[in-house]
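Note that the chains are named A, B, C, D, E and F in the order they appear, and that numbering of residues resets to 1 at the start of each chain.
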């Protein structure tokens, strides 16, 4: 095949602090058509219940991603050797209306999903995973989920509302977007409204791995089990940055102590290699609380790692 | 009359950095009943079009207000000599739904207005002035407005929505809550969507004072004119902190350069003395962008100045 | 029993960023009387030898504690099912006079101790543990201590003074407030004035666990030993946030590298379950150095964990 | 004429915090060809003698410029009604070699100047004005200069080097790029290496307006004089953000107290209307010291004001 | 005379960000002996009633002072042409004991005063002016005072204490250290404990210039009056950085809105030229609240301006 | 021997926040002569490819080092019992010219090396290790290297330049300054320009330990191997703070996720005890991104640990 593949703008062509702030300094594209994977931003934070600010997540993740180079030194993945990737910009959410925003996101992802381009999403708060899954499930049927988070996000309602950043997985399971037998939640912890909060997903057939089961351990074995149990079929990675400990990811809206390490986060994503990953998201980066920019940089790296485990990526 | 008047907790009784963070370290009250004036918070920021964060305005203004002492050295106002004042807490807005929040705010202020207690509100974004005016106008009829702001806030819609932080004064005039003949907008400036943006209020009969007319000048003469033209009848002060220059008030969501000075802000509020002020608000403080805390402290001071010009305040 | 137990204000009643900033958004109480446990602040930082700022610890811990929900998902503790808890405010320390402040703190805790209400204290610098122990020992006799810290705090004097944040445990042992046979210091490290600095407590019979013995390890086994050796009798938990590594707790006054992890901090407190815990403190949070607010949030969580191991707490 | 003119992406199409961070959210262009004016970044800070960080100026100015709307409410300028404008990206400077960077900048501006497109430059430190003037003077001959700055920038050498951010105007005059009879320096102040530092430009025929002559005054009269004395012929605006007071522009590398106000900065640029402005720059914004982002926002506004005074701009 | 005069380390010898952080990069000296003027730090903040942090004032002022060059471009003062100046380091205050610190400061300044070297002090909170005046008055008798501040600092007690940062001028007048007929307080404002707070100094014969009398005005005429009324005799300048508006000096402990501008601050100090200035201080810079470092830089500049008005300074 | 050894200024003589900010509050010295070891700063950041700011590294490390006390509690090292140590200040680099700066650094270290005083260097960006090694190799011949870093720093060129912060170890090996058989690189990771980036050093005979081999493990065993393989002969420690994870060291210019822990950093340096360490550096601290100051404090501690493993240090 002879098509020209997009490459990140190199640091020897333009200094890393120069050039337009696209994700990884990739070329932009107006649509997903013709792309194998795309980065897309959803600058929404009106689904957040505590600190706001995630609306600036996509902008800040793009800005910090300028440090990323094209090869994954640990896994030898070379995604730009075999995939056509671009940054397709942001979903024009309606920041005054959460319900309308959810509709807009779904429509935007319908268009992506129709092309079979795999979306890697920069959030935004976790509300956005619901319309993304709605769009993807139309193409793929019920999807397997690797869900990294401090919170189960399976509340029935928040403040009486069905749609908010603490409810998307409840809705997604109810709507049949997710196959709960192929769902794993990793890193859950903290304080809860009800003592049984983590049991609902279990009751639906999902696996819940509270953070206490992860302490002091490599998660490579866990991911082997996940790969084995998930088998074939589409898988989506939804990574809430607050799944990691606040020491690793201070810039987020509802931090919980005692979380996963960055290393465990890397193991989880790298452990998805071999699954039929159809997309992923990195949500809940709140730049106003990320004074050094490092939480955004972490997010950019994790999104790059997701790119590296997409089917079809070359390894060197 | 022998009722005991609430006093701010003194710095010789509890150090300024100690004690619960109520506004001015005043006692709290569950309701407005029995109060002449109250401080109330509206922690809403989902009406904001640019930076979020104003949801933390009430909390941060309260925290910084602990430095305030009971007497106004410049004007010799002694509000706690004659008025019963308390902090009645926050309106439980629905952060996932702007329309519902606006309904909740209106209901909350209906209850206040029914008691004739004068509300001094800590925002929150400027959307909140609409439901406040709806409640107050039910009691008072069309209200006069002293509106300090960088923006006219008279857009018909924002992103297609009738309710947002850039539309409240359009709505309020349309609904007859405001008497535009008794309305002055001070400090307008910046860049606009349409070149005629500042003309609409004028066409309704209001006075618009662009910031360029304020540069290098005391605003005491302007306020004499305002007092003369407003005459008797209820007046509400709506003070968007972004009316002031970002050098004075960096911690806000849509800053515009070339603004009013803090001194001019003081002159405007002090110049309302003699009017029948029935309430006021201080909106758009965004604590995540207020790293020193000084914008919140400024806001607390301006709210105290509003208290000092309420009818019935004693002077020493 | 039919008394109504205080509950934290729920996030579905008032958004987490709204409402008065009391600890965990609990009701306040004017006194300890009638309470099983209380949160109390001691906003003192004039005992600190390096960075100041801990005077704002109680205020900031309260503000960030608004994210806490009532159930401990890891341990299933439900403290508000069985204990009456309130926030009783701050000790009115004299910020210009350390000796007078120490007297005031002791008197304040005398009143608490007399009621048998268990105080959970938000510091403030570590000086405050001395007057707290003085008050508690009057009721309980010599007390066992679980002391988490980077520093032994057993200097004889600092700058010639007997009272400062580096001396309280020397004084407490000398005064017989502590039973050194039932004392464990965990996390000690760093640079010292004298090479033998950690030996004095050992010479008194206490156990010292330098941080190097904790690296790469769960501290659950250590806590089993502590429980076994302490047996029955009153125990107090004194947790200096600088016991944790600066990566976990950057906002503190005398940080030392190579410290405990947050996870180990949780294991230590959770490992106190079963002991007769009569109170605890969390000291040395310095908000001016806690730019994201996360050190204060960590402190709030650790105080909640202390509440969860008090005798009499229900588990679900 | 029927060509379609670029417009900034509107806030009702994409929220202000969304979309790619180009200057004013304008379309990008690969070259200056076909444009009447362009925004261009020069991310260089290795010419700075005190704080570094200006390398991030272009990126941060672009990010904050997203708040700008297309009309100038004060002057009624509507630049996008009549000019074709785009953001052409950054000069790929060599951050390890100042001399090579200066060559690269000159070559880049040679290409712009050849098209007669007017460059509006986001710096970067003030070194960059030298190669810009070299390129422009090739097309225009000796240029008139409105230079706003705290520093004269006419050192012969710094640390023995001829090229650095304190020398460009010395070089430019020596090389005949500037017509010193048509040069005004406004805002000079501070401490100096030699007591005669401000006299050299005067000796060349330029006008120097120390900041003390500006205090308490509108600069509109000064600008009338400037316009009168400059007459016809090309004029370049070089605006060092440190010309303004640190209260207005904290985020810069060599701040000097007692500077111009933002209002005076606006008056200077607006006062250039009528001159044959061929380009301008805004330099020395250092984002690491601009914690609120407001210095970058100020810079974006000032660059927009420069656009508004270009010959050929429509007014409404 | 042939003695070699100390010069600040030049920026062409060592870059401004290099070298040891002494005041203005001057040589250090172990004592005042042989010096005409000295910079000295008093790192005390335990007299502060609100935010702490001024203990780091001397260190941070020194660090930021590295930008200062030796000549005053506005006044042409060349202090290092005629005066021997050095940085003599910090007073070793006892941070655990305010009374002892006050004694230590007095003893330290006794030694300075004995040499007739003029001390220019970097605070530290305002408490320190009392022991400084005690030492100076022993040599000079009652001293005239130019006092710039938001607060009168003439409380009788604070929290029952005679010594704190709000009481030094009461004490100094009571003790006869100050000649109140030769005392001017400039910039007073804000809220007060008692409505008569500013009247006490007046009752002693001093002149009080509330900030409202300064708004919109050059203070050069005021300073002419001050010079005329003070006549001959020793004068001390005590400059609390909170005399300036928080927009100019955000990094301070008890900020009050509506303050003096930096320009007015410069006019006050420059207006002391001709008086027999025997020393001065710049107090209440609180670096933890000075995120850009610019408040410290402002303080360094103001101290340099004080140096420039000492008797005996050369002008070029 | 009776020479008097320098001691850090004690916290009971001058509070930790007072006194001049020399490294560890040691005396300064004008030269290395007569010293066994010296601290020296190299305030260079023009070799940095991403964020600048490391020019302030020496100043900030010195400021934060004031917390350090003289004894190493973990290892019982007492370096000031047996070594003469001082802070000899900064190399006067030419911040406008990287090549000239490299020459200046080499000359400065030639002078140090000639005295056999062991330099412990505060960077500055990593470019500086090349001229340091050039100077040391002249005295010692090819040197063994313990290199902690996220990056191999063995690029042939960056942006076409042979000298930059990503090339020093390539140059040093090419020039024979290093014996690659006695070289270990620890902590390498991240994204790369070429997939083979880590193989070049291996091809030269060096050992490369990617960070993945370090996860979850004590590095004490690795260091045993290093000591065994290095044997006798000179060893230099070059510690790039970005070798540690950004959670531990946020304040740096090119952070990479998934790095070493602080504990592992301590193990590496402590594991050098017994080797013939002839010097070391700690580079790439970028204070503008180190908002709490804790990265600088970490750096100061690591430099102290290097001092503690120099041959000839006493242990207690």
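Just so we're on the same page, a residue touches a chain if its C-beta (ideal position, glycine included) is under 8 Å from a C-beta of that chain, and two chains touch if they have at least 3 such contacts.
Computed from a prediction, not measured in an experiment: that's the story for all the values here.
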{"item": "Both-way neighbours, i.e. chains that touch chain E and touch chain B", "value": "C, D"}
{"item": "Touching both chain D and chain E (chains)", "value": "B, F"}
{"item": "Distance-maximising chain from chain C - centres being C-alpha averages", "value": "D"}
{"item": "Interface copy of B-E among B-C, D-E or A-D, judged by whether over half of the contact pairs recur", "value": "D-E"}
{"item": "Superposing rotation of chain B relative to chain C, computed on C-alpha atoms, to nearest 5°", "value": "180"}
{"item": "Interface sides of chain E and chain F: same vs different residues, half threshold", "value": "same"}
{"item": "A-C or C-E, whichever has more C-beta pairs in contact", "value": "A-C"}
{"item": "Centre distance in Å when chain C and chain F are each reduced to the mean of their C-alpha atoms", "value": "37"}
{"item": "Rounded Å distance between chain A and chain E, as computed from the means of their C-alpha atoms", "value": "55"}
{"item": "Approximate Å spacing (C-alpha centroids) for the pair chain A, chain B", "value": "40"}
{"item": "Residues of chain E engaged with two or more neighbouring chains", "value": "15, 17, 49, 51, 55-56, 94-95, 158-160, 216, 245, 247, 289, 291"}
{"item": "Graph class of chain-chain contacts, one of line, ring, star, complete, other", "value": "other"}
{"item": "Listing of all chain pairs that touch each other, if any do", "value": "A-B, A-C, A-D, A-F, B-C, B-D, B-E, C-E, C-F, D-E, D-F, E-F"}
{"item": "Chain C - residues contacting chain A, complex", "value": "10-12, 15-17, 66-74, 76, 78, 216-218, 245, 247-248, 262-263, 266, 291-294, 297-298, 301-302, 304, 316"}
{"item": "Complex contacts: residues of chain B adjacent to chain C", "value": "13-15, 17-22, 28, 41, 43, 55-56, 58-59, 62-63, 87, 89-95, 291"}
{"item": "List of chain F residues in touch with chain D within their complex", "value": "45-49, 51-53, 55-56, 94-98, 158-161, 163-164, 288-289"}
{"item": "Chain A contact footprint on chain F (complex, rising order)", "value": "49-51, 157-160, 188-198, 210, 212, 215-216, 245-247, 250-251, 254-258, 289-291"}
